[in-house]
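Listed below are the structures to be examined.
Both complexes below contain chain A, partnered by chain B and then by chain C.
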Partner chain A sequence: MRDKILNAIGMALLGVCFAVSLVRIAARQFSRDEQGGDHVTIRFAHWQLENGVRSTLDQIAAEYMKLHPGVKVVQLPIPESIYTNWLVTQLVGETAPDLIQIGIGMTDERIARFFLPLDDLASNPNPYNRGTSLEDLPLRATLFDGMESGYVSTLLEYYGVPISGASVRMYYNLELLEQITGAGTPPETYEELVSLAKETQAYAQRKGVPLVPIAGSRYNAPMIMQRLFSSQTQKLVERLNPPGIFGEDLIRRADDYLDGRWSLDSEEVRSGFDLMHEVGQYMQPGFIQLQRDDATLSFVQGRALMISTGSWDATSIRQQASFRIGVSTIPFPSTESRVYGRYLLGELSEAGTNGGVVFGITRGSPQADVAKDFLRFLASQRMNQLWTDESGWIPAVVGIKVTPDVAPFLPVTVGYLPGIYPSIAAGGTFPSLNRLVGINLHRLVGATGDTGAFINAIKPGYRDALIHDLRRNHRTALDISQRSDTQFGGLAWTALAQPNDVKAAARMNAFMQSASMNDRKLYRIRHSLEKAEVQ
Partner chain B sequence: MKTPRGLPFNRPRYQIAAAAALAVGLVAGWSHIKPSGDGAGTKRPTTLEGAWQAAAAFLFNDANNTFNAARLEPSQERERELGKAVTLLNVQPRTVENIAKARRIFETLSSGEDHDEPAIFSDYYLARIYERYETPPEPRKARTYYLKLLEKHAGHPVAEFGASAMVLMALYDNITPEERGRRFAGLEALGASLETSSGRRDYHLNMGNAYIDFEASREKALNHLLAADAETISLWQVESATWISIAELARDEGRDDLAEAYYKRFLSKYRRDNRHYSIERRLGALKNPKNMTADER
Partner chain C sequence: MSNSISKRKALHEWKLYLFIVPALLLLLTFSYLPAISAIYHSFFRWTGGDSKEFIGLKNFQAALSDSIFWDSFILIAILVASNVVKLVPSIVMAVLIHRLKSDRWQYWYRVGVVLPMIVPGLVTLFIWKFFFDPTHGALNQFLDISGLKTLLVHFDQALHLGGIFSEGVPISWLGEPALIIPSLIIWGFPWIGAVGVLIYLAGLQSIGAEIYEAAELDGANSWQRFRFVEFPLIMTQVRLSLVMLIIATLQGYGLQFLLLGPDGGPGGRGMVPGLWMFNRAFLAGEFGYACALGIFLFAFILGLTVLNNRYVRVEK
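After this line comes the complex of A and B, so read on.
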């Protein structure tokens, strides 16, 4: 009897699920069929679930629908953690929305196969800028990054349009800052930051409150630490570069290490690790084990005076915190500092910052023209003004007036290049080095952390990890080189078969240069590896 | 047949109801999944022209299928064979057998009396296979094909594209500085034989940058980079780096007017660049060395 009841419940649930699925599919089919008439529905997907983004995009969609009553715009926010799987399923299953945020999970092949090139959109004026100072400019010239963030260099075409920008800053609890210092002025230099951190610790002890100067986590702490480390190696890079080379050259930096031109014992490098050690003492104990949300919670609950994170978190933090927020650049050591001023040139430049929240149009969109029109609308000066005003994110379009809340996030254009990072590069160029530094970080920043002990721990594996990473980079460069061989055949044959096609000739020309540069990278890495293996 | 745990599926009316529900579900699902328009991906090309364009857009399997299946005039057979071989290099999954098959096709196209486009392309690809696909690589054989192309097809962009590869193969070997010096000298003559602008540009860029990498000669590095710039550099990343290199080398060689001109060119074109402020200071120091610290210099 009990079995029968359970089976009946199971069957009933199955039946309900089946019926609901049927109704939903029928409803979607109905809405798709409706488009055969005057009504068109366009869908756009993204992974920006931070506060303020979805509501702003809904407002922009509503503005568009007001202007185009026959069009319905639907937003599909997808969590970042499942974005790649969702994306691949949608693209391969031919059920992708009309516009998709480009970034996570994208490969050149996916972009080429599933997205429309947007060169025509990039090189023509945006009709939604009519009546503004941008009226006659091609769309790409109306964006602060010249639409570079939407350009796929391997495919030599534009595939996306950015609507925002991003930067990393230090956030302050202004009310706590006033209570601690008697003034609400954030520190301007690293030395002032240290002095504030000490004051904060003394304040916490005096009042008996759980308060740390800086909220740290494995996500937030590197934003400060890497920046501080790279300040100490700015002059080292200038010294290592041979005549004719200026700025960042990661293969050369790796080669310099393997050839012994710098080491973990170089005084600049030790000084960088000293800085990391020092700033780590002002974060909560065990912060390396904490996640991004732990640090944010600590800050918005008033248990930390400061937190460093990206502009993308500003609205979320402002909405969650019950106090006023101050924002400034992460304090940099002063060139006057006796301890840390010796090796640095000065504040870092952010002039080359690229746009973000880049949308592309899928090839399968049955209404690609409408999707393209909506993208132009999204990237218009008026809508980008709405974007920045409502979401609190940095605008991508030039000539936008920013609120006092957004202004501190605008890129700093006066500054120098960073030096070497603890893993040579800031990003994922040397993952084994990143791992080696990461798993030993507790020896540097923990309660018993020590620069010497940390260096001694990573030194034995640093060279091997670097060689391992160079081999990986070599494989990648070789793979790109081999893939580009077939691409070259296609481009060259097309250009030579149509000698009057100027665009085809220009693409072949640009491709040859790009391939030649990749080949040079390949040979430089191979040369470094061969030398290192001989040593 | 006994149904599991007392479910009433042995009764025909339930079986019919279940089958009907399943059928409705399948029809609804199929009509939803079946693309109503053009489909989300690209259409598979049907012509050779479309196949080449697909190859240019990384759609290697589609392009290869078309080269295999397209109906053609006999006059297009060599083009088809070339297309098959070019795409075989990257048909996924990439296999040793496919590369060997591609090599055989290139050898056939290259060996006849024809000096047509498929023959030129084939020589280029044979060089690439020996340089990049063989394990271990066979640089001597690669060089033979690159040289053959330069001797027989001067002025052809595909043939002259090999010149920049020859520079890399020769100079980035693990050799003594003396041997490298000899190789630099040997390669100097190559530039004069190049007729295409892209061939000269990429040759000069690789020569100039190699002189910098091996700190072999500032003057020669500068001359090569100037020659490359005269051919118009099409990628902004390369152009901006080359202009800075020219300015820096010119400054070190005491050619301040040239350095100033290139610093200014960079500053006026690349305003949104992390190097902008540093270059501004370098330009300032060129006019007045007190404007800059010794470390920046």
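After this line comes the complex of A and C, so read on.
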């Protein structure tokens, strides 16, 4: 009898749980299906899980919902480590939210296929700036980067709107810095940084405390290492660029490598690797196995004097650390340096820095107009002020007052352009090269690391990896080109059928320009590959 | 050998077959459909999404010459071998629990073994990641305190390992290529898997008391009872574990992904076929190629399972 009762209770519990789950799932489905009714729900996804961001975005969403009672705004924070998988699955599966943060895992092809062009939004004033000095300006002119971060040059269209800025800085534990040096002044040059690192090591040994000069990880270390490497390749880039061309052109740089105009044995490149090796010795042993959180924890627990990371970590670090934090630009080698001064032009300018937290609107959004409106709201001066005040992040809109905590992160506008990176470019443009450099980094920065051994390890595979990546870029450009054929046909037909329609002609012209930009890239890569194959 | 029945008899209560329809539909939708889709897409240059280009067997040709993919099977072979050894603690634990005289204690030990199952696998992985931390990890602290680190340093010097273990330098378990495979093997110590223990226990409990009595009459000691009675009679369960283990080792990549990242860590030493598939699909955007790799992996698993079923015999 007792068993029967217990079994009945068990079955009843199971039944109740099943029913509750069923109802909850059904309720979620219904709330999605409600879109066509009075209530509209828009969802926006991003990977910024740092402290302060989610709560600020919730505040902005709440402000918007107050203004538009018929709209519900839902925030979807997705961890950075799974963002690419999540993004691809959502886009391919046509279940993507209305607004998505553009960046990680994004390619030109994915943008062209899954996102709406935002040219109209960029070229018209933002209605939410009414009553401010920006009210008559087109939206793109209200952003400090001119909306460059949302512009896809190969597609010649705007696909995203930034709401923040971003910069990489060196953070210091000011109390420790005072204890070690007797003064709280952070180093200004790389040479001073090395001297401080040595002083820190001596201090740790003297006191018998577990303390390293710089908290490293496979996330944080590249930030300082790539910057230092690019310092040594500034003059190289200047030499490689044809007269009148400034800045970095990745396809040209790859072409230069394949043509033998620079190599891993170039003095500048070796010097860059030497710098990376040297700075790696001031991070904790085995840092390449550590992740972002490990390095942050090490710093906030006072086990490292410095950490190089982005402005996006400032609020999290300040909230977690029990000491005062100092912030400065990452020290650059001095032009007078006997060792590292030969190949550099000078301090890096961040004037060309693009905005961050760029949101785009997905093509599959059933309420793209509402999503666009919310995006305008996000990028308004009033909301961007709220954004910087609450999250502690750099604003993207001009004319925003920043707090003293945010001020050190504002872009430095004076200086020179950076050189190349060890894998030519950071990010996903050259994934095979990035992998080759990444899996051999231990040969350079490990306890027994050495520049020669590292170069010898990556040299045999460098050319093949570069060609593989160029083929991939070529394929992507070809896909975009082929995809645009139908669109071009449609636009041409409309323009020809209505010869007096000025808008149709303008659309076709804009489209032709966009296509030719992509085709230019396509033929440049093809040319490089053909040359490489002949060699 | 099952007895065959006539078609008429089999279809007599045909309505009963409807009961398996929901399960069959779910199986088709969630297991077979993705697999069929993977086979289909392996013949295309597909970057995810709607556009794809038929390229015949090119993905398979490329996979055949993909040294990273084939080299990753070496690590799989090592991991399978080590995982076979790792079955032993679970078998030993099951036998020990089975031999407990007190039912109450047996119950509590079973609970003790099962309890860790409620901890999400990801949490366990994170804990192990922390164990491997060079500066603050439990593993290095244990080696320092126990003096084993000095032994390892001597070992390094004697065998000229190139300074993997040096005095005053924390061991970088996941940052040093030579230590990555040992780390992947050490992971999960003491390797007592709850599922394994429960499976073996079920097998042990099905052994009749008369067999034990006969063994006792023959004067079998504790080891002989295990060697000649218990182990042969739980071979069905061991074989099942082996199949599951081989499949899990071949398919799995979560451990390597979390501990070492999508490139398999320094030197790519932690690269396994599943991780390379993931890397190609999500990092390089080569979904069609990743599908082709998956087909090779499927064929490999199928082959090993057949071999296992054929050669790991259970003597009744």
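Note that the second predicted complex is superposed on the first by the 361 of 535 C-alpha atoms of A that agree within 3 Å, B and C clash if a C-alpha of one lies under 4 Å from a C-alpha of the other, contacts with A are read in each partner's own complex, and residues count from 1 in each chain.
Just so it is clear, a contact is a pair of C-beta atoms (placed from the backbone, for glycine too) under 8 Å apart; a residue touches a chain by one contact, two chains touch by 3 or more.
Nothing here was measured: the structure is a model prediction, and the numbers come from that model.
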Which of chain B and chain C A:D145 touches, first, second, both or neither: first
First (chain B), second (chain C), both or neither touched by A:P285: second
Which of chain B and chain C A:L491 touches, first, second, both or neither: first
Chain touching more of chain A, residue-wise (chain B, chain C): B
Chain B versus chain C as contact partner of A:E109, first or second or both or neither: both
Touching partner for A:R483 - first (chain B), second (chain C), both, neither: both
First, second, both or neither for A:Y416, with chain B first and chain C second: first
Partner chain in contact with A:L91 - chain B first, chain C second, else both or neither: both
Footprint overlap on chain A, where chain B in one structure and chain C in the other make contact: 91, 109, 113-114, 483
Residue ranges of chain B touching chain A (in the complex, touch as defined): 5-7, 21, 24-25, 28-29, 31-33, 35-42, 49, 52-60, 63, 79, 82-83, 86-87, 89-90, 94, 117, 121, 125, 128, 132-133, 157-158, 161, 164-165, 168-169, 172-174, 198, 201-202, 205-206, 209, 212-213, 215, 218, 221-222, 233-235, 237-238, 244-245, 248-249, 252, 271-279, 293, 295-296
Chain C to chain A touching residues, read off their complex: 45, 47-51, 132-135, 162-163, 166, 169-177, 260-261, 263-268, 282-285
Contact set on chain A toward chain C in their complex: 84-85, 88, 91-92, 105, 107, 109-110, 113-114, 210, 212, 218, 284-290, 294, 298, 303, 428, 431-432, 435, 438-442, 446-448, 472, 475, 479, 483
Residue ranges of chain A in contact with chain B within the complex: 3-4, 7, 11, 15, 18, 21-22, 25-26, 28-29, 32, 90-91, 93-96, 108-109, 112-114, 144-146, 153-155, 235, 238-239, 242-247, 252, 345, 348-352, 362-364, 366, 413-417, 478, 481-483, 485-494, 496-497, 506-510, 512-514, 516-517, 519-520, 522-524, 526-527, 530-531, 534
